[in-house]
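Structures are listed in the sections that come next.
Shared between the two complexes below is chain A, which has chain B as its partner in the first and chain C in the second.
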Partner chain A sequence: MTFVLSFLLRRLSQGLVIVLLVGFVIFSLLRIVPGDPVRIIVGPMATEKQVEEIANELGLNDPLPIQFGRYLSEITEGDFGNSFIKAKGGNAASGGKENAGVERAAVLDLIKNAIPLSAILAGLGTAFALMFSIPLGIAAGLRPNGLISKLTFALSSIFVSLPNIWLAILLILIVSTQLGWLPAIGYKGLSYAILPAIVLAVELSAVIVRALASSVTTTMQENFVQAGVVRGLTLQHMISRHVIRNASIPILNLFGAQLGGLLLGSLFIVEYIFNYPGLGLLTVNAVFQRDFPVIQGVAILTTAALVIINIMVDLISAGIDRRLQY
Partner chain B sequence: MLKAAWKRPQFRIGLIIIVSLLVLAIILPLISSTSATTLSIRERFAPPIFMDGGNLKHLFGTDQLGRDLLLRSLIGLQNAVFIGLVSVIGMFFLGAIIGMYAGYKGGWIDTILMRITDAQMSIPVIILAITILGVSRPTAFSVIVVLILAGWPTYARVIRSVTLTESKKEFVRAAKIIGASDQRIILSHIAPNILPPVAFIAVLDVARMMIFEAIFGFIGIGIQPPIPTFGNILADGTKYLINAWWITVIPGLFLFTALISLNLIGSTLESARNEALEGREQ
Partner chain C sequence: MTKNQTIDDAIDKPILTVNKLNVVARSSDKDTAILTDISFNLSKGEILSVIGESGSGLTVLSKSLMNWLPSPLVASKGSVLYRGDNVLNLSTNELRKFRGKIFAYIGSDSTTALNPTVPIGRHLVSKLRAVMPEYSETQAQKRIIDLFDAVRIPSPIERFNEFPFQFSGGMMQRVMIVDALCTDPELLVADNITQPLDVTIAKQIVRLLYDLRDEFGTSVVFSTASLPMAADISERLLVLQNGRVLEEATPKQIVDNPGTNYTKALSERVPRIWSAKHTPMKSLTQKTILSVKNVSKTYFTTDPKAYFSKQAVKAVRGVSFDVLEGENFGIVGESGCGKSTLSRLLSWVEKPDDGEILFENKSINTMNSSELKNLRNQFQLILQDPYTSLPGHKTVGEIIIEPLKIHRSCPPQAYSDRLFEVMTEVGLPKGTEVSLPSQLSASMRQRVNIARAMVTKPNLLILDETMSSLDQVEQARLLDLFDELQRRHNFTYIFISHDLALVRRACSRVLVMYLGRVVEMAANEDLFFNPVHPYSQALLSAMPTLEKNRFDASKVLLEGEPPSPVNIPLGCSFRSRCPNALEICATESPPNSPIRSGQVECHLIAQDKNF
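The block that comes next holds the complex of A and B.
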């Protein structure tokens, strides 16, 4: 228990520093680059004076560190600011004189509404990827020179080389428009998540299946496997009870370091292509509309999520393999 | 490592495909009578050669403005390979400088540099890309900068660990004793050893960066039209998916062919290296 506590304390404080650093970098970047957000809020017809007033009101004229400090103190109260563009009702409140009084949607609400949909998609994608990779990866790892292994490696080479945008379009074209099996655009139920999840799964599987196969192969060569067999345990028992458990640790680490970012990145693209109303679509649209509060809110929260995933992964691997507790 | 890889057919197949695609991509646009951006409204939506109505003039067909898709794919490949290569070279150099410095110096310099590496690694590429490219007018240069910023930490980590093991070896100590400067040791004794472990990562990364380039172009934050890139070719084509599926499918297939040949080369290098390492241990 003391291990868990000291581990959490150390890693969470490191993680906090990382998130703050990332937050500040993104915050500054968004303010250095050209493109006046106030112009977007008030529309092209507003006078210079009105632009100045709104900029002052939103605090956009203060020095950067002060703006960032104010932003941070608001975050601790759970306030990520309001969208520049989106109105509370969900419609765009883009520049027009009648919307001076429109209340703009809170960033946190926008993100809160998008997260469940993204979570469904990410979960489904990961589940598909595991359903495909675990049996193939273990089979390939047990016979590293066998036919299944060669097939698996060929398949994973093909999967890495498939650009996700192209695969998504192909699936829409063939499965959705030609065959009419599954819906593709928008979200009206779980069936809308299947095609985008397949695209995610293909990308994830390419990495997982290879790592799992080589991890199983390495574990099989370790002494304890021989020892177990010599002591009279069946090979079957060794594989199902011991080899898979040990071989899963590198895969878990992979999930933290690489797959978290990969999953998130392709989630954004896939949601955009399928017009799936999750976090990715929210962010890509925010970029087109220069909706800074939304972009920085998403950036900070996703970085924090990645940091937390990494910490959890390390905790779980330490739970599987006690030797990793330090 | 190269020799061992050369013995495998996959390596040679990959190399032959990518080299011939590149030669084609460089020569054909030069000798062709039209260019990738020539509009020809009368010939728009011409299907590829193997379909009814296809003709020899446009092997891959034409898009909604009558532009030749073969030429567009070839120029797209030029751009993709250029961006992929330059960004991988850039991230290698940045990673090498930081990794070697951190690994050689050790102590607090190492700690700080590695913490920065960790922080950089936890920013997803796509977030970095859309914040930088999305809010400015993207050019080939800014796309490359973003990819380098996103990609260097992997190289820094691998190169740091190589430097750590190398700098403990006898020949580095010997060089120190006879008074070689840090710079000289890093450049002439450590630097030559960092290439083999990252060579295959680099080849695979060129393919990955080409995919990123396509993704950026697709969501409108890559090189801007009218310069053809796979991203904007595919994005154009999605509007005409039902009537003219070839605008997206065929250039995509072309990109896929280039990527798979690069990945064949990279993964063959990887397994050749792994075998070499195992052989050395025994």
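The block that comes next holds the complex of A and C.
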């Protein structure tokens, strides 16, 4: 137990530093890139005076460190600021009309609404990917020269080279438009998540299946597997109790180190294509609209999520293989 | 059961009969013979040793008894009969009823025999229950824990739940013995099981196996490369060379009256400790070349049981000694005694936390980096592993002259002269300078290592287990080479080794280390004939020899293993294993008493006025 506590304390404190650094970098970069958010809010017709007023009101004229400090202190109170663009009702509050004074939506609320939808999509995508990769990866790993192995590797090569945009459009065209089996655009229920999840799964499983197969193959070559059979255990016992257990550690690490990023990255694209109202769509739109508070909020939260995923992965790995605790 | 009766039983009804067994390595176009016409019998409760050098087919023979021949090995002819059934013809399903239940196997590499991510107890319980399903989970646990106790694994209940990597090599071998014997097999194949172990631990394991045989009546096939070990444990010996049985005899016959020249050579090659004369080089000048004053080194590692704190591994604790010019100085001790750390400190690869090292009366502690570089010219370290200590992408020539370039010892035009000079001296044939290390044998690589160390003409060579990867013939050749180089260049050697026979042969003065301390330091003859410290006596009693050991293992051999360098006992660190510990040993560190040619740290000696 001491290990878990000291591990968590150490890693969470390191993680906090990472999140703060990433937050600061994003915060500064957003203020360097071209495109004045105030101009976007007030529209092209507004006078310089109006621009100045809004900028002052939003605190955009203060020095950068002060802005960042203010931002951080607000975050500790659970306030990620308000969107520059979106109104509370959900409609855009911009456009240069007289509605610059409309109460704008809190970033935290926007993110809160989007997270469950993205979580459903990511979870479903990962589940599809694992359903496909675990049986195939293990089967391929047990017989590295067998037919299944060759087919699996060929398939994963195809999967990894399919552009997700193309695959998404193809699926929408065939499964949704022509066959009418599944809905494709927006979100009104779980069935709307299936097509985008498949696109995610194709990308993920290409990586997982290969890593799992090679990890199983390597573990099978370890002395203890054959030694176990000679000690009087069956090969099936050695595979189900020992090989799969040990082979899972590299896969877990893969999840922490790469898949988290991959998953988030493709989530953004896939959500945009399917107009799926999750975190990805929120962010992509925010980028187009220079909606700084939303971008910052999403960046900090996703960094935190990645940090936590990695900590969990390492903790679970150390639970499976105690040597990692030393 | 007496030895004679056992042999009579063997003639009556052997439980195992190996009949003209042939094993080949099969490739598409031809078969390469590995074992040829092996035949022998084994009766109930008998220990048969199979001895041979590496490459003689020992492991293949052991594995074929289990019908465990990895591809491309195939048993092409002959049979392994267990009470009439040919083990080699059994199907996978039939084999399952054999392996574990009737035949058990223990290999030399016990540390990889179990999955490191699963607790020890689980492995053994699942094996016991797979082989004997009549055992319930709790019964199986109880049986394993009882057996742990029987093979003297300390605190068996806690160790049951620990993981394989938390076990030392010796403890792991005890676990594997329990694993093999928990199902009461009739035959135990012990394949070189003492090979990776320290002498005192190896001796413990052999004695344990011997006792268990008496208790369980298990027949044992004990394969080993060590003739003394085989002679110690078994009733009959089988000598294997190039996959053929050369001779089958009792240990006495083999030692006193060998039937073949090979067997004779084998027995002559076993080092004689007490019956042979050894005259290692002594210092002529008595001038101190290296002086080590009270050095200590502590490493810090993460402690999984504490918050944010590190645990201190006290590897070297206040070691002092002087090395004299032109002598061979030996440092011996078992795994974990701190000798490798000490070698890193001596060669200043790492700095001591405390204490001082003087080379030719100059303190290394206070030298700046350019002085240190000059100094390295004069002393060199030769490492243990000839495979990883040479860069694989450079040719032998480039490797050997690299120190010349670093130290600018001579003008570049002279490099090749110096290279060939050194190569001739160490016995590397002309032409090898363009080879890559991977094209050379282990002993040739070790010669490259020596040449690289010698090329700058150093005064002091530190040999850290330099010989341990070589066989005895090669060791003898290299020792002769060292002698010759010493006569020619007046080198001083420090031999750091776990091998007492080597030290006996090569060193004029010897220092014995235990848990980071010097427990005894003495001249060669004094140490080997009249050791004073109980640990030195135990080390000598555990030595595998063919002559009668001057020290009776049953009186002085140690039980258990050294404590961890993290938790060093208070007072005398050897107290926990000392057969004669006094009350004072628990509280006070033993004083350093000068005796005869050296010194010893022991309360027994300090209180005995005779010394």
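Rule of thumb we're sticking to: the second predicted complex is superposed on the first by the 320 of 326 C-alpha atoms of A that agree within 3 Å, B and C clash if a C-alpha of one lies under 4 Å from a C-alpha of the other, contacts with A are read in each partner's own complex, and residues count from 1 in each chain.
Just so we're on the same page, contacts are C-beta pairs under 8 Å (C-beta built on N, C-alpha and C of every residue); 3 or more make two chains touch, one makes a residue touch a chain.
Computed from a predicted model, the values in this text were never measured in an experiment.
**Student:** Go through the superposed model and pick first if A:I269 touches only chain B, second if only chain C, both, or neither.
**Tutor:** first
**Student:** Does chain C touch more residues of chain A than chain B does, or is it the other way round?
**Tutor:** B
**Student:** Does chain B (first) or chain C (second) touch A:S6, or do both, or does neither?
**Tutor:** second
**Student:** Under the stated touch criterion, which partner chain does A:N310 make contact with: chain B (first), chain C (second), both, or neither?
**Tutor:** first
**Student:** Contact-wise, after the overlay, does A:K188 reach chain B, chain C, both or neither (first, second, both, neither)?
**Tutor:** The answer is neither, since A:K188 touches no partner chain.
**Student:** After lining up the shared chain so the two structures overlap, which partner does A:F224 touch, if you call chain B first and chain C second: first, second, both or neither?
**Tutor:** A:F224 sits against chain C, while chain B stays out of touch.
**Student:** Just chain B (first), just chain C (second), both, or neither: which does A:K49 touch?
**Tutor:** Touch partners of A:K49: none, neither chain B nor chain C.
**Student:** Please work out whether A:L233 is in contact with chain B alone, chain C alone, both, or neither, and reply first, second, both or neither.
**Tutor:** After superposition on chain A, A:L233 lies in contact with chain C alone.
**Student:** Looking at the complex, which residues from chain A come into contact with chain B?
**Tutor:** So the residues of chain A in touch with chain B come to 14, 17-18, 21-22, 25-26, 29-30, 33-35, 153, 157-158, 160-166, 169-170, 172-173, 177, 257, 261, 264-265, 268-269, 272-273, 283-284, 287-288, 290, 295, 298-299, 302-303, 306-307, 310.
**Student:** Once bound in the complex, which stretches of chain C touch chain A?
**Tutor:** Residues of chain C touching chain A: 66, 68, 70, 96, 99-101, 104-105, 107, 109, 112-118, 126-127, 130-131, 163, 165, 179-180, 183, 301-302, 304-308.
**Student:** Can you check the complex and tell me which residues of chain A touch chain C?
**Tutor:** 2-3, 5-6, 9-10, 222-224, 226-234, 237, 241-242, 245-246, 249, 320-323, 325-326
**Student:** In the complex of these two chains, what residues of chain B are touching chain A?
**Tutor:** Checking each residue of chain B against chain A gives 115, 118-119, 121-127, 130-132, 134-136, 204, 207, 211, 214-215, 218-221, 230-231, 234, 237-238, 241-242, 245, 248-249, 252, 255-256, 259-260, 262-264, 267.
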